[in-house]
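Look at the two complexes coming up: chain A is in both, with chain B in one and chain C in the other.
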Partner chain A sequence: MRKEVPMIITALSALAAVFGNFFWLGHHWGVMDLLDNWFNRSFAFAALIGVINLSIIHINAIRRRKENWVYSLILLIAMYGYAILGLIQTTDGPQASWIYNNVLTPLDSTVFALLAFYITSASYRAFRARTVEATVLLVTAIVVMLGVAPIGAVLFTDKISSLAQWLLNYANAGTYRAFSIAGSLGAMATALRITLGLERAHLGGAQ
Partner chain B sequence: MLGLLLAADEPAPVLGIFWADATVAAFVATVLFALMVWYLIARARSGLKIPEVRKLPGLDAFDEAIGRATEMGRPVHYSPGISAVSSTQTIASFGILGHVAKLCAKYDTRLIQTNADITTYGVAEEVIRQAYLEAGRPDAFNAEDVRFLSDWQFGYASGVLGIFQREKPAANICIGAFWAEALLFMEAGVNQGMIQVAGTANNAQLPFFVATADYALIAEEIYAASAYLSKEPVMLGTVVAEDWARIIVFALIIVGTILSFFQQKNWLGGILKK
Partner chain C sequence: MQGFDWGTFVGVLFTIAVWTYLYKENPIWRVAEHIYIGLATAWSIGYYFYSYVKPTIMDDILTKHNWLYIVPVILGLMMYLRYFPSVAWLARYPMSFWVGYGAGYGLAFSFAPMLTWIAQTFVKLNSFNNIVLWLAVVTGLMYFFFTVNRENAVVKYGALVGRYFIMVGLGAAFGNTVLYRYNLFIDRARYVLGFLHLIK
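So, the complex of A and B:
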């Protein structure tokens, strides 16, 4: 019964989603909104499990004085401190907003900014012209970069921009859509396997 | 049934029972695809031969990656992406996670699994626990190695980079729905000399995985993974149905292109509306 009950619930939910997505009466009854609400409520409950997991791991790290245990202490103080602050003054309160705008947002932007350097180093590796394919990639990338950057038009007239747009609109968009179609068919096959109870990995263990 | 479906009041249903124009073609395609899957499942169940599925090098690479981590005595890191458990990519990732966990249990290699979504955390823990049980090593399962880090995209990325720095995994496996954090993981992995297997169906992230991973699973390959790894004919039948559907879509694109060339642009809509 450990696997059968979730499988039955999954199959019924899948049929309800088909009914809600395709049929007028399902849409009229708001079946998808109901399913979304159930998911959101399950999610809210699951948030508690995440907090418990984080707490157990970091309390154990502090207790056992693991390497860098001070960071675990900082994490716990930040997590519970911000939660308590939010409960006292809501997340729109002056101190809570200040922390969000002046600590969280800059930290987030800092990590995001690292991408610029990582893209450069990854591109360097990908564009090394060691094979015919890598050479085609390198030439295409140079044309597209020059085509979308102002310096390209200055150096090579507007023709480079037209060539870059052609590459983006036809060569790139065509391939992109091929991957999208293939991915969608794969997602449909996975959904059918789950609905029919063939795919059970998410219920625990390998297939 | 049809009467019941039509029994409600305004707004009036489009094309009989369907609620919008666009859903008709999608519904027809879904039913046709389901019939193909059903046919191949029935064929496999009755013991008839089904076409072979091509070799997927990315999926055969897990043994190599985990084997190398075992030799080096260092852990394996696994990320299922940052989507919730409702994403088909995440579900597909769990099929691979079960296989990876079983291999880690078999080789007695530590597996560190990180989560950016609360809903994936509980499922991942159960998948890994069950895999260790099936491998006959329930004692080797460590619940503290299944971790929820943060549901904030770059908070999660920072957490994973910290684990890379502190615990120095020898292999990094990233399969699921990834966005901008993907390259942060992969480049950090390259810099630390990890063997990396990555896959996603998010097209915008695929080039980063191809450029940085030792083995990349492209788009539908991650969906075929659990069927491919299970080697069960019934499961493989669904992958063959995918291939058949792809051939049909390809033929429709060719026909559509020719008809579009002759200015009959809405030919499919016209046929379905008749």
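So, the complex of A and C:
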């Protein structure tokens, strides 16, 4: 019951997805529509897991007055306040939308934009061309950046963007095709191992 | 203060709060960070509730009496059993469904695109560009041959050439990523400077 049934569920779900997609009867019976619905909806019903886990961690931090517990309090107020607001007036409600547009969206974009600086410092370390491979990577990255950004055309005429485009269309496209083929083979092998019950990491280690 | 754009003002404050992290980790950044995590988590709750939970219970089950939709409700709720040690193992059931279904999807949808990519590689080797494209695919794949003896000269040197093509691919991906991130940063900078009327 604890290991065997989950393994059977895994195999049957995988086979149902394959059957639903590969065979006409699967489409005719609407197997995929039903399973897609089950997948998305069951996921939605489990969405509170994240809230519960965050609450456990941060309520414990507050109760034990751990260092920086005030931030935990701020997180809980923001999370429960916005969740209640969203549930009362939907996420499209006037106040909920205001918070989404003026707090969440700027925070989201700025955190992602922050990575520009860290990627620059990472590139400084990675791009110290110590080997031929690193030099190839460095030169390609510089050509692509100068070719795509307007400053490249100003500094080196349009030839740099032609070169960047050639790199992207042929050398890079071919390499990405190799990545994709190798990745697909790997994904299918892993999926087959999961279906056959050879890969059981998702069942956890406990009995 | 009539006509003052409070929304953008708050957005600018939070943008600057995140930027303070560039100096070093500080209380202003940590407040912004915790608010961000809290709001992002809460937003997903509202989204899932109105997109799936409410329609499933109120429309499909209670109104249309579509009893098949009780299955995802039970599966989803079973995940919460992980908080009760004596029955925590039951949470494996929904996890098994998700992983199995995902694996089945992978099996079903990986094959056709892969065949298309392979077919597209059968190009006439009558131009320099086509030769480069073909070489990049074939030698790039040779690099991933881990089950073939690398002592074989074709595989050995093919994989070596493939490594250089992979460096070209990674370099192009890195360059594009850097540009995208800077694009985002410039967008945020325009947002702040525009609010301060320093640019139009």
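Everything below uses one rule, namely that the second predicted complex is superposed on the first by the 200 of 207 C-alpha atoms of A that agree within 3 Å, B and C clash if a C-alpha of one lies under 4 Å from a C-alpha of the other, contacts with A are read in each partner's own complex, and residues count from 1 in each chain.
The criterion applied here is as follows: contacts are C-beta pairs under 8 Å (C-beta built on N, C-alpha and C of every residue); 3 or more make two chains touch, one makes a residue touch a chain.
As the structure is a prediction and not an experimental result, all values here were calculated from the model.
A.B. asks: Between chain C and chain B, which one touches more residues of chain A when both complexes sit on the common chain A?
C.D. replies: With both complexes superposed on chain A, more residues of chain A are touched by C.
A.B. asks: For A:Thr140, using the defined touch cut-off, is the partner it touches chain B, chain C, both, or neither? Pick first, second, both or neither.
C.D. replies: Second partner only, chain C.
A.B. asks: With both complexes overlaid on chain A, does A:Asn21 touch chain B (first), chain C (second), both or neither?
C.D. replies: Touch status of A:Asn21: both partners.
A.B. asks: Per the contact definition in the header, classify A:Ala182: touching chain B only (first), chain C only (second), both, or neither.
C.D. replies: Both: A:Ala182 reaches chain B and chain C.
A.B. asks: Give one of first, second, both or neither to describe whether A:Glu67 is in contact with chain B, with chain C, with both, or with none.
C.D. replies: In the superposition, A:Glu67 contacts chain B only.
A.B. asks: Looking at A:Ile119 after the superposition, I want to know if it touches chain B, chain C, both of them or none. Which is it: first, second, both, neither?
C.D. replies: A:Ile119 sits against chain B and chain C alike.
A.B. asks: A:Leu198 contacts which: chain B (first), chain C (second), both, neither?
C.D. replies: A:Leu198 contacts chain B only, not chain C.
A.B. asks: Thinking of the overlay built on chain A, is A:Ile57 touched by chain B (first), by chain C (second), by both, or by neither?
C.D. replies: Touch status of A:Ile57: first partner only.
A.B. asks: Can you pull the chain A residues that chain B and chain C both touch?
C.D. replies: 18, 21-22, 39, 42-43, 46-47, 49-50, 54, 68, 104, 107-108, 111-112, 114-115, 119, 123, 176, 179-182, 185, 187-188, 190-192, 194, 202-204, 206-207
A.B. asks: How about chain A: which of its residues touch chain B in the complex?
C.D. replies: 18, 21-28, 39, 42-43, 46-47, 49-50, 53-54, 56-57, 60, 67-68, 104, 107-108, 111-112, 114-115, 118-119, 121-123, 125-126, 176, 179-183, 185-194, 196, 198-199, 201-207
A.B. asks: Which part of chain B faces chain A closely enough to touch in the complex?
C.D. replies: 4-8, 13-14, 17-20, 23, 26-27, 30, 33-34, 37, 41, 84-86, 88-89, 91-92, 94-95, 97-99, 101-102, 118-119, 121-123, 126-127, 129-131, 133-134, 144, 146-149, 151-155, 157-158, 166, 180, 183-184, 186-187, 190, 201, 203, 206-208, 210-212, 218-224, 226-227, 229-230, 232, 234-235, 238-239, 241-242, 245-246, 249
A.B. asks: Mind pulling up the chain A residues that touch chain C in the complex?
C.D. replies: Those in contact with chain C are residues 1-2, 5-7, 9-18, 20-22, 34-35, 37-52, 54, 68, 71-72, 74-83, 86-87, 90-91, 96, 98-117, 119-120, 123, 132-134, 136-145, 148-149, 166-182, 184-185, 187-188, 190-192, 194-195, 202-204, 206-207.
A.B. asks: Of all residues in chain C, which touch chain A in the complex?
C.D. replies: Interface residues on chain C, with respect to chain A: 6-8, 10-12, 14-15, 18-19, 21-22, 30-53, 56, 68-69, 71-73, 75-77, 79-80, 83, 88-89, 92-111, 113-114, 117-118, 120-121, 129, 132-141, 143-144, 162-179, 181-182, 184-185, 187-188, 191.
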